[in-house]
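These notes open a run of structures that come right after.
The two complexes that follow have chain A in common; it is paired with chain B in the first and with chain C in the second.
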Partner chain A sequence: MAIAGAINRRSAASRLVEAYGQEFVVLGAIIALFMIVGAVNPRFLNDNNLVNIFSGNAYIAVAAIGMSLVIISGHIDVSVGSLIGVLATIAGTLAVQGYPIWVAWTVPVLVGIVINALVGALIAYFRIPSIVVTLGMLSILKGGLISVTGGTWITNMPPEFFIAQARLFGIPAPVYFMVVLTILMALWMRYASLGRAIYAVGGNPEAARAAGLYPERTCVLAFAMHGFFAGIAALLFATQLQVIQSTVPPNLELTVITAAVIGGVSILGGTGTVIGSTLAAILFACISSALVFLNVSAYWLRAVLGLLILATVLADMARRRRHRAAGRL
Partner chain B sequence: MSRYLLRHEAILAVLLVLALAVLAMQSDRFFTLDNLLNQGRLMAEVGLVALAMTFVIVSAGIDLSVGSILGLVAILLGVFWQKLGLPLPVAMGLGVVVGGVAGLVNGIIITRFRVPPLIATLATLALYRGLAEGISQARSVRGYPEWFFVLGQGEVLGVPTQLWIFLACAVIAAIVLGMSTFGRATYVTGANAVAARFSGIPVDRTILLIYMASGLISGLAAIIFVSRVSTTRSDMGTGLELDVITAVVLGGTSIFGGRGTIIGTLLGLILMQALKNGLALAGVKGDGTIVVIGLILIATIIISNLVRRDADG
Partner chain C sequence: MTSLVELRGISKSFASVRVLQDISFDVRAGEVHALLGENGAGKSTLIKIMAGVHRADEGEIRVNGELVHFASPRASAASGIAVVHQELLLFPDLSVAENIFMGHAPRTGWGALDWPQMRERARDLLDRLQSHHIDVDAHVGSLSVANRQRVEIARALSQDARVLIMDEPTASLVEEDVQQLLSIVRLLRDKGVGIVYVSHKLPEVFALADRVTVLRDGALVGTAPIGELDERRLVSMMVGRPIDQLFPKQATKIGAPLLELRSLSFNSVVRDISLTLHAGEILGIAGLIGSGRTELALTVFGITPATSGQILIDNQAMRIDSPQQARDLGIAYVPEDRGLQGLVRPQSIAENISLTVLKSLATGGLIDHRKEETLARESIAKFGVRARGPRQIVQQLSGGNQQKVVLAKWLATEPRILIMDEPTRGIDVGAKSEIHALMSALAARGLGILMISSELPEVLGMSDRVLVMKNGTLVGEFDRAQATAEAVGAAMTLANAAANSSGEAA
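Here is the complex of A and B:
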């Protein structure tokens, strides 16, 4: 009864909080982190450090947008780290070999789309669980990359190649990519029919089919778009330093999945927003930078991330249970 | 159903014989007793974990944290022995217990909080590996006493020690899964958890025990791993889950749960190890073999799905 009363009395503000609860939690965590770490070590709030945090980790946020699509559609991709490694290497190699810069920028994105559309098709039409396909893909991409390149460093890219180092009004390009792509995708997922279809298919594929949607095509679409974002992420990753190490960035897939999940994308599919995943990616970047400023060994970073993902998942399950209980009243 | 299982294992056995024949023709070093025993030695750690993983996947679950548990136990073995000054046998025992506790935590998250196993163990994959990295601070531990290496480098009756351990565990696992009440409960839980619950099967207890066993056996594999390579590092066992899951799925265990056998897992393991070794002898570098394993994993499931569709139709 208390719940019914609360629902009647809720205002526009409380509806906003309910719809974007997880996003507000993450935003609050970021602000709290800034205040606490800034109080302990004011250098943390230095302009340079903030710019580094945002631009250096924008590629994780961009990759997390694609991962959110995949998880919302009811699947998972554990191979995204390897894919980004492969695409970054392709971009660098093309640039070094003297292809026009636009080729070096677009080919990796196209390759990302094609590879992941294939993954999506295997999942949708051959009915193989996404975890199996992407585990297999992870080893194919990772093994393939190292056996082809031997893990060498790519250097001497032409100066125009470094898109991630460009600045507009003093703000690095990756920040624009992150912000613009997040806003566009948030609008697309909320208002476009294809975007809504991804939620519907992830929430309940059979109901979606009965409603006239095509779960298989939607799955392929979600993965293809995920490939696009992986391609953009690979470009930002490849062009932020003067060298590209042609190996797989360690644990990248885990960071990307964690960002999506902590940002409020439910692991069971069907709910979540890309605004949340981008905020969560920023939160991680802040945490890893904060560890440095608080003099905590960076070796503890992954344990902190693990605890975070566990806590969020448990909270997600508890919230679902509450909703179910409320629904029965 | 059982006819299909037999057929999958029969296909696998034929494939294995073919692969062995081809590999034997490729290199005359392949079919020597020394090489085969050595391959058995290398297979033991993945094999041990794969036995428990068969139970996990048959129960419609998955455990991605096994490699991280292995890393954590390996690090703690060094810490218990060198930093805390415990006798090595006690440290070994404690290490395996820690593995069991880590598995139990997985089980509790899955049964108590209803978190899907994939996500639960993905989180603990990060957590356990993070603990291993944090505790070790990237320092390795060496200088174990000579007797300790018997486990990973020694031989008993001419056969590598860990191969005996693996075989003993495999026999126990096959009996438990194939012939015991617990094994039946595992199949029923995986085939239809709701129906199992209504039939009075202790579903949660079964799942809890399975994940605990998975942690325990990962701990045991960690001790053998450390003994084999004579040192502990925090990145030990990275990617182990991939090898293990591939072997189990290759062996015919359905990723959707409810179907699978230990014999199938053994065949899958041997086929995988034979391919790795054969390709290495044929001049393919280590990373190339990972590609082949990934391809095989995907291809097996596609074929298995197609065959099943035929059988159903």
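Here is the complex of A and C:
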């Protein structure tokens, strides 16, 4: 009982760190990065640069929200980069062909939801591992996109199409998307029964089923929502420049998965938050920009991200081991 | 008699919490020394120190009188100490011979594995354990738990172990395999091996041990020859207080029928089961593993819906095709395996308890966190869960406390019919009697409890009536007065031959 007493004396702050440890680590890393790079090269902290960092990478953060849902539910999606490429092309094509702008904006989102709901249904009802289904989707979408478009660029979209270039109070629209969607989803995951079901199914599908939840429906839901976020991400990606390259952004799926994992989403499912994944996406963007300001070749970015993954996983393991040692007694 | 291994004044702390304090313990050649204590008493840590997994902060270890320092499990093994782990650390895709000699396989002159010698020596080791039926070329994954355990023991012997540490070796064995294991242990003892035997099952300890050491809260309670102890004394040493009755089912008024099964079947695993469960009654279902007990529970609970027959609740025929329907009809199921079906381990106590009642805690699809927390606090108090709060992650709790959370979770649905599958497997004596007391109180409140258990004393002590299952059918029914160990045991052993030959202990 002396042991329980010692544990009870732990402060509220340490419990907060325990519950949101990874999020704090990533936030701390962002702040440290700002201080160090800002000291070396003050132009890094310039308004314009910061706005560019946040707005240019908001679509990755938005996609990472959906990816977090999928990973928390106990699955994975390696096709999201291809999906974003396809949806962006659909948006651009509709806009160029003169459909109303709201059509060009909503159709890709709806297509994203439908495609991923189907993917989710294949995984849930036919019991095919998600890595297999989404690897298949990756090839289908990537190959299909190149074949249909021939790799040409889409240009001459009507000016009102470019939602990502709109600004409110001087801040670009993608930043609002990123912040609002992250907060909404964080609240939803915490307070909605369905959000809780995603955690439970990812943590232990059999226990969830015995408790009266529906693991299959929950899987389809997680993927459909992931499709929605991929659609929004595609829209931000398609409208931030004057042209849409009708190819898949290279390695996008890896960046998105990495953001979720570094943000504290356990690759085994059942734990993590979307606040973490968004912070991690911001961290990547900052690192990538910092490399430029520190005169380091941008090719180092991937290597740095790789180191980051290993470092976070190690930190995570160490934290878990500490808790386990404390909890087992 | 000299000690093979002797520990003196061992202390150990983790993260500034002391788990062992000034423990002395020794094992002599040719004895079985039982190590007892509740979960969390420090047995595992002590074993791990002997096995070289952990290093003691203070104290000394002597092997054959010589001071040693184990830097690694390998060093401990080199001194002749081997561990048969509870969770059997074997490689399922490798052969029996490969598993036995993993890490110290015989080599040929030019360094390659010497397969003929490896197989021959493996054969020899298994024969010494009277395990002539185990094929040295079989994949370990295809063996039953009992046979895997023998492979692990053979592995220990292959390293010339003179001290064998067995951590709850019978926890997952059926009765007949237990008897065979005990005779293997006696065989080894007679050959001069010193055996450290950890178990929660007191009858085994009395059948086997020469001396007993009891730990409690990391401290040594005492070491004594088994002849100086009786069961009552041993239990009070373990829990630190006398436990008057291990199985305290109070006499309750048996009420109206709640649940009635009429010729219920699920494929060929559950066949033609008819029974009636009344309010206030605990109906025990005895039988060997593989006799269809768990499958019956799964069928009543709608996880594997019945293929024929009828389920009546309050005398009305109902269809139960899913756990959701079962729950809505007032049935709750505390499963056999806490990890697999009971708990979402990475989630908190509060989140686990609310899982079955999310709908009633939510308005407009949003969970009311205050209600959830209140429910969790009430449950923690009511069930005596030892935790630091409702937001503690369940995988940090001990087995007994996890089981209380599973119970709390299901009782949150306010069921009228409670199915409990192995309600106290793998939890220590103190927590066990707490769970029995809870079951008794629930029955007194008018719940009907269907209790499946492999532990005969539990079945006999807790049940108002006992049913015995064999090969998916009911083969016996006993009133509380008629239900003696001999009668129920005899009904169960009729099933022995069938359960054994199919080797489904896993």
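Note that in this section the second predicted complex is superposed on the first by the 310 of 329 C-alpha atoms of A that agree within 3 Å, B and C clash if a C-alpha of one lies under 4 Å from a C-alpha of the other, contacts with A are read in each partner's own complex, and residues count from 1 in each chain.
Assume a residue touches a chain if its C-beta (ideal position, glycine included) is under 8 Å from a C-beta of that chain, and two chains touch if they have at least 3 such contacts.
Bear in mind that the values here come from a model prediction, so they are computed numbers and not experimental data.
**Q** Look at A:T152 in the shared chain and tell me whether it touches chain B only, chain C only, both, or neither; answer first, second, both or neither.
**A** After superposition on chain A, A:T152 lies in contact with neither partner.
**Q** After superposition on the shared chain, which partner residues are touched by A:R196: those of chain B (first), chain C (second), both, or neither?
**A** In the superposition, A:R196 touches chain C alone.
**Q** Given the touch rule stated above, what does A:R209 touch, chain B (first), chain C (second), both, or neither?
**A** So A:R209 only meets chain C here.
**Q** Given the touch rule stated above, what does A:L254 touch, chain B (first), chain C (second), both, or neither?
**A** A:L254 sits against chain B, while chain C stays out of touch.
**Q** Kindly classify A:T271 by the partners it touches after superposition: chain B alone (first), chain C alone (second), both, or neither?
**A** In the superposition, A:T271 touches chain C alone.
**Q** Considering only touches as defined above, state whether A:N46 meets chain B (first), chain C (second), both or neither.
**A** Neither partner.
**Q** Can A:S297 be said to touch chain B (first), chain C (second), both, or neither?
**A** In the superposition, A:S297 touches chain B alone.
**Q** On the A-aligned overlay, A:Q242 touches which partner chain: chain B = first, chain C = second, or both, or neither?
**A** neither
**Q** Under the stated contact criterion, what part of chain B meets chain A in this complex?
**A** 62, 109, 113-116, 118-120, 122-131, 133-134, 136-138, 234, 239, 242, 245-246, 249, 255-256, 285, 287-295, 297-298, 301-302, 305
**Q** Looking at the complex, which residues from chain A come into contact with chain C?
**A** Spelled out, the residues of chain A in touch with chain C are 1, 3-4, 6-8, 10, 15, 19, 190-194, 196-197, 199-200, 203-204, 206-214, 266, 270-271, 322-329.
**Q** Of all residues in chain C, which touch chain A in the complex?
**A** 14-17, 19, 40, 217, 301, 303, 323-324, 327, 333, 335, 339-347, 351, 354-356, 358-359, 361-362, 365-367, 369, 386, 388-389, 391-393, 395-398, 409
**Q** With touch defined as at the start, can you tell me which chain A residues reach chain B in the complex?
**A** 76, 122, 126-129, 131-133, 135-140, 142-144, 146-147, 251, 254, 257-258, 261, 267-268, 297, 299-307, 309-310, 313-314, 317-318, 321
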